[in-house]
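Contents: one structure, followed by commentary.
To keep things simple, chains are lettered A, B and C as they appear, and every chain counts its residues starting from 1.
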Amino acid sequence: MNAAARTAVPYFDMRGLSVFYRSRGSLVRIVDRVSFSVAEGQALGIVGESGSGKSTLALAAAGLLRPEEALIEADQMTLGGTDLLRMSDATRARIQGRRIGFVFQNPHTALNPLLTIGRQLTDHVRWHMGLSQADAEARAVTLLGEVGIGDIRRRMQSYPHEFSGGMLQRVTIAMALACDPELLIADEPTTALDASVQADIVDLVTRLRQDRRLTLIWITHDLALLQHVVDRVAVMYAGQLSEMGATDAVYSAPAHPYTKALLSSVRSLWRDEEGKFEVIPGAPPTPGRLPTGCAFQPRCPLVRSRCIQTPPLLPVDPQHDGEHLAACWAVNGTYAQ
Amino acid sequence: MTSEAVLSRTTKAAASPDFVFWAAALVLAGLVVLASVAPILPMPSYSAMSTARLASPNPAHWFGTDQFGRDLLVRVLFGLRTSLWIGALGVTASTVLGTAVGLIAGYTGGWLDTVCMRALDSLLAFPSLLLAIGVAAILGPGAVSTALALGIVGVPQMARIVRAGTLSESQMQYVEAARSVGTKTGSILLRHILPNVLHLISVQMVMFFVVAVLTEASLSFLGLGIQVPVPSLGSMLKEARDYVGTAPWFVVAPGAALTLSVLALNIFADGLRTHAGSRS
Amino acid sequence: MLAYIVRRVLQFIPVALLTSVIIFVGVRLAPGDPAELLAGPDPSPQVVAAIREKLGLDQSIPLQFVLWLKGLATGDLGRSMVNGLPVSELLVQRLGATFELAIAALILSLLAGGALGIAAGMRPNSLLDRLISALTALGLSLPLFWTGILMIMFFAVQLRWFPVAGQAPLSAGPLAVLASLALPATTIAIGNAPVIARFLRNEIVEMRRSDHVRTAYAKGLPSHVIVRDYVVRNSLIPVLTVAGIILGHLIGGSAVVEIVFSWPGIGQLLVTALSNRDYSVVEGAMIVAVGAFLLANLLVDIGYGLLDPRIRSSYDK
C-alpha cells in the first residue's frame, strides 16, 4: 500500500484514478491508478511528456470528461470533503466554475469567438452567484485589473481575436477565478505562449495564489518552469505516477530512473558541472500497448524481472523525508530481495 | 499531449461502417456494367412498340410497358446508359476546361487571373439548373449539346478548386526549382503541378458527376435535353406524368433507377471525400 | 459594420452587370428567329423585316443592350413577343407565386433540416444519427421532379388529400392556399432539408468537442445555456454558407417543381418562354431569377458580418 502522504489534511484527494478512452468500441487505458493529494493552499505540479496522460488526469480531476468519451474509475476523489466521483449533474454544475476553476492551454480556442470578453466573464458569475448584470460586470472589471489588463472598459466590449496570446490567457485566468474557486487547475497554461510572456503568467498565478489562498494544480511538460511555481511535484510516465515529492527533493535527488533522465535532458536543471544530456533509449510509450507492470521497463537501465509487478510508490528516504516517493523497486534498497 | 489533442483523438469514434461505402461501390459497378452491356442483352429493342400498352409488370415485360407498348426494362436500362454516358461526357468536358482555366489562372495570377475569376463568378451567379437550361436552350436539344451544357455548368467549380490548389502548389519549392532551371510554364503546369492537384480534381469529378446526371435528367424532363428516340430517364418521366393515375410502374421504374444510381454515386463520393481528406 | 456592407454591395454590382450581359448575349445566340416565328407560316421577307424592325431586333447588339438597360432602369422590359403583354407585368405576377412557394419551401426545409441536424449532432454515431444520415443521403439523391410526380401520385390522385396542381388564389382562403402549397413546397423541402441537416449536424459535432464548449462546461454553465450560446450559435455561421447553396437550389429547383405542379411562377414562365423563343420574357425572367439569387447571397454575406465579429473586424481596417 502507498505510504500515506504526511502533509496537512488533504484538501483535494484522489485515490486510484484510472481513465479509459473509448475508441472504436474498445477501451484504452490512459491513466493508470494514480493517487495524489494536495493540501489546502498548496501547489502541486504534474509534469510529464506528451502522451503521459497528464492532461487527461487534469480533465478527469475537473470532471470535464464526458461519459461517452471516457470511462473514469477511482477509489476516491474528494474536494474538501465533497465527493467528486459520484456527483449528480446538479452538484457537478455547482462545483465546476464555482469551486474548481480550469485554465486551458490555448486561450484562443478556449474562448467563444462570438461573445465579448465581458460577456464571457459574467455569464457564469451571474449563473453561480445570482448577481445582476451590472454587479457581474463590476466584478469582471475588478478581475481584469487584478490580472493586469489595462483599458478595461474597452476590453470588456472586445472579442477574443482582438487580444494577444498573453493577454488572452490573463483573461482566461480571470474567468477561471471569477467565482472565487478554492481550487485552480491549469493545464499547460503557458505552453502556447511566447517565452517572454510565460514568466509573466507564472508571476501572475503565483501572486493570485497568495492573494486568494488558492489550491493549485499546474500541469506542464516544462520542468524548468515548474520549479518556480509549485511546492510539490508529481512525475507521470505513460499514465503512471512515477515519482512524487517536494519540488526541491525531487529536483535535487530524483529517485526514479525516468525522472533522472528527464531532469538530465534540461540543461538549466543540471546540478553539477558534469551534467550531460542523456538520451532515453527506446521509443515513447503507446497507450494500449504497454508492458505488464512498470511502464518504463523497455527503456529502463535498472530493469529487473521484479518489474513485471507494478511497483507502488515507495518512500525514497524514509528516515528524513516521508513525502518523497518513487514507484520503483530499485528505490530504498527494496531491490535486495 | 494537450487536452485538445487528447480529446480530439477520443471523440473521433467509429465512423459509419465502411461496408456501406463498398456496397454503394458494388451497386455502382453493377449499374455501369448493366448499362454497358445493354445493347447486347437478349431483349427487344427500346423502340420496339407492341400492342401490350401500359401493361403492368408481367413475365413478358418485367417492368411493364409504356404508352406505346415498349418494354420498360429495356428503356430504363438504355435510359440509364444515356444518363451515365452523357453525365460522363459532361464531367470530362468540365474537368478538362475547368482544370485548364484553373491551372493557368492560378499559376499566372495578375490580370488574367482576375478576369477569369470575375467571369467564373458571374457564371456562378446562376443557379446551376438555370444555367444549364439557358445553355441548353442556346445550344439546342440533343445529346452532344446537353453534354456541352453540362460541361459549361461544371467549369466554374472545377476551375475554382484547381486554381486554389495551383495557388498553394505554386508556392512550393519544387516549383521554384523547376522555374529556376528554365522549365517552360506548360511543362511546369502539366508535369509538376497537375499531378499534385489530381486528388482535388478526382473528388470534384465524382461530385459533379452526381450533379450532371441529375441535371441531364431535369433537362430531358423539361424537353431541353435528350430528344426522342434516344431514351432518357428524364424524358421517360415526362411521358409518365400523363399516366400517373393509370400506370404507376411507368412512373416508378425510371425514377427508381435514377435515384438508385444517384444514391450509390452520392455514397461513393462521400466515401471518396472522407478518404481523400484523411490522406491529406 | 457599415464599411463591410458597402464593400459587399460594391462587389455585387460588376458581377450583376456581367451576368446581365451574359444573359442578353446568350438569348441572342439561341437558334431560332423570333421574328420568323411570329410571322406565321411561310412569311414573306418584307413581313419578317417589318416585324424585326418593330421588335427592335434590327439594331446592333450593343445598342440593343443599352436600350434594354435603359428599359430596366425605368421598369420597362419590353413586351412579350408572343402575347404582347408587358414583360414587367408578367414578371410581377409570376414573382409573387414563386416567392410564395420559395418561402414555404424554405421554412419547411429549415424546420425539418434544423430539427434533424440538431438531433443528429447532439447524439453523434448513435442509431438516430445513422438513421438520419441514411435519410439525408436518400433525400439528396431523389430527383426533384420525380419526387413531385410521386407526391401527386400518392397524395393527390390516390388519397385525394391535396389538389393535383395549380396555385390557389389568396381569395380562396388560407386552407386552400396551404393545401395547394403543401405538395410542391414539401417536394422542394425534401431536396433541401438534407443539405441543412448534414451541415448542421457536422457543425454541432465539431462544436461540441471544441475547446470553448469544454470551457463552458468548466465554468459550470448549465447544458441548455451551453447548447444555446456556445454550440448552436457558433454552428449558425457555417449554416449560413449552406443557406446560399439552398437559395440556389430553391430558385433553380422551383423551375422544375413549378412545371410539375403547374405552379404559375417565374420558372414556368421561363421554360415556356424559352420554347417560344420569347426573347424579352426570357431576358426578364432570367434577370429576375439570377438577380434574386445574387441578392440572397449578398444578404447571406451581410448576415455573416452580423454574426461573426471576426469578419467585421477584417473589413474595418
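By our rule, a residue touches a chain if its C-beta (ideal position, glycine included) is under 8 Å from a C-beta of that chain, and two chains touch if they have at least 3 such contacts.
A quick note: this is a predicted structure, and the numbers were derived from the prediction, not measured.
Averaging Cα atoms per chain gives one point for each, and the point farthest from that of chain C is the centre of A.
When the interfaces B-C and A-C are ranked by C-beta pairs in contact, the top one is B-C. A separation of 54 Å divides the Cα centre of chain A from that of chain C.
Mean C-alpha positions place chain B and chain C at a centre distance of 22 Å. Listed for chain C are residues 211, 214, each touching two or more other chains. Contacts with at least two other chains are made by residues 104, 106, 109 of chain A.
Listed for chain B are residues 3-4, 7, 11, 13-14, each touching two or more other chains. Contact residues of chain B toward chain C in the complex are 3-4, 7-8, 11, 13-14, 16, 118-119, 121-123, 125-130, 133-135, 137-138, 140, 214, 217-218, 221-224, 234, 237, 240-241, 244-245, 248, 251-252, 255, 258-259, 262-263, 265-267, 270. Only residues 210-212, 214-222, 225, 229-230, 233-234, 237, 307-310, 313 of chain C touch chain A when the two sit together in their complex. In the complex of the two chains, the chain C residues touching chain B come out as 14-16, 18-19, 22-23, 26-27, 29-31, 124-125, 130, 133, 137-138, 140-146, 149-150, 152-153, 157, 209, 211, 214, 247-249, 251-253, 255-256, 259-260, 270-271, 274-275, 282, 286, 289-290, 293-294. Contact residues of chain A toward chain C in the complex are 62, 64, 92-98, 100-102, 104, 106, 109-115, 123-124, 127-128, 159, 161-162, 172, 175-176, 179.
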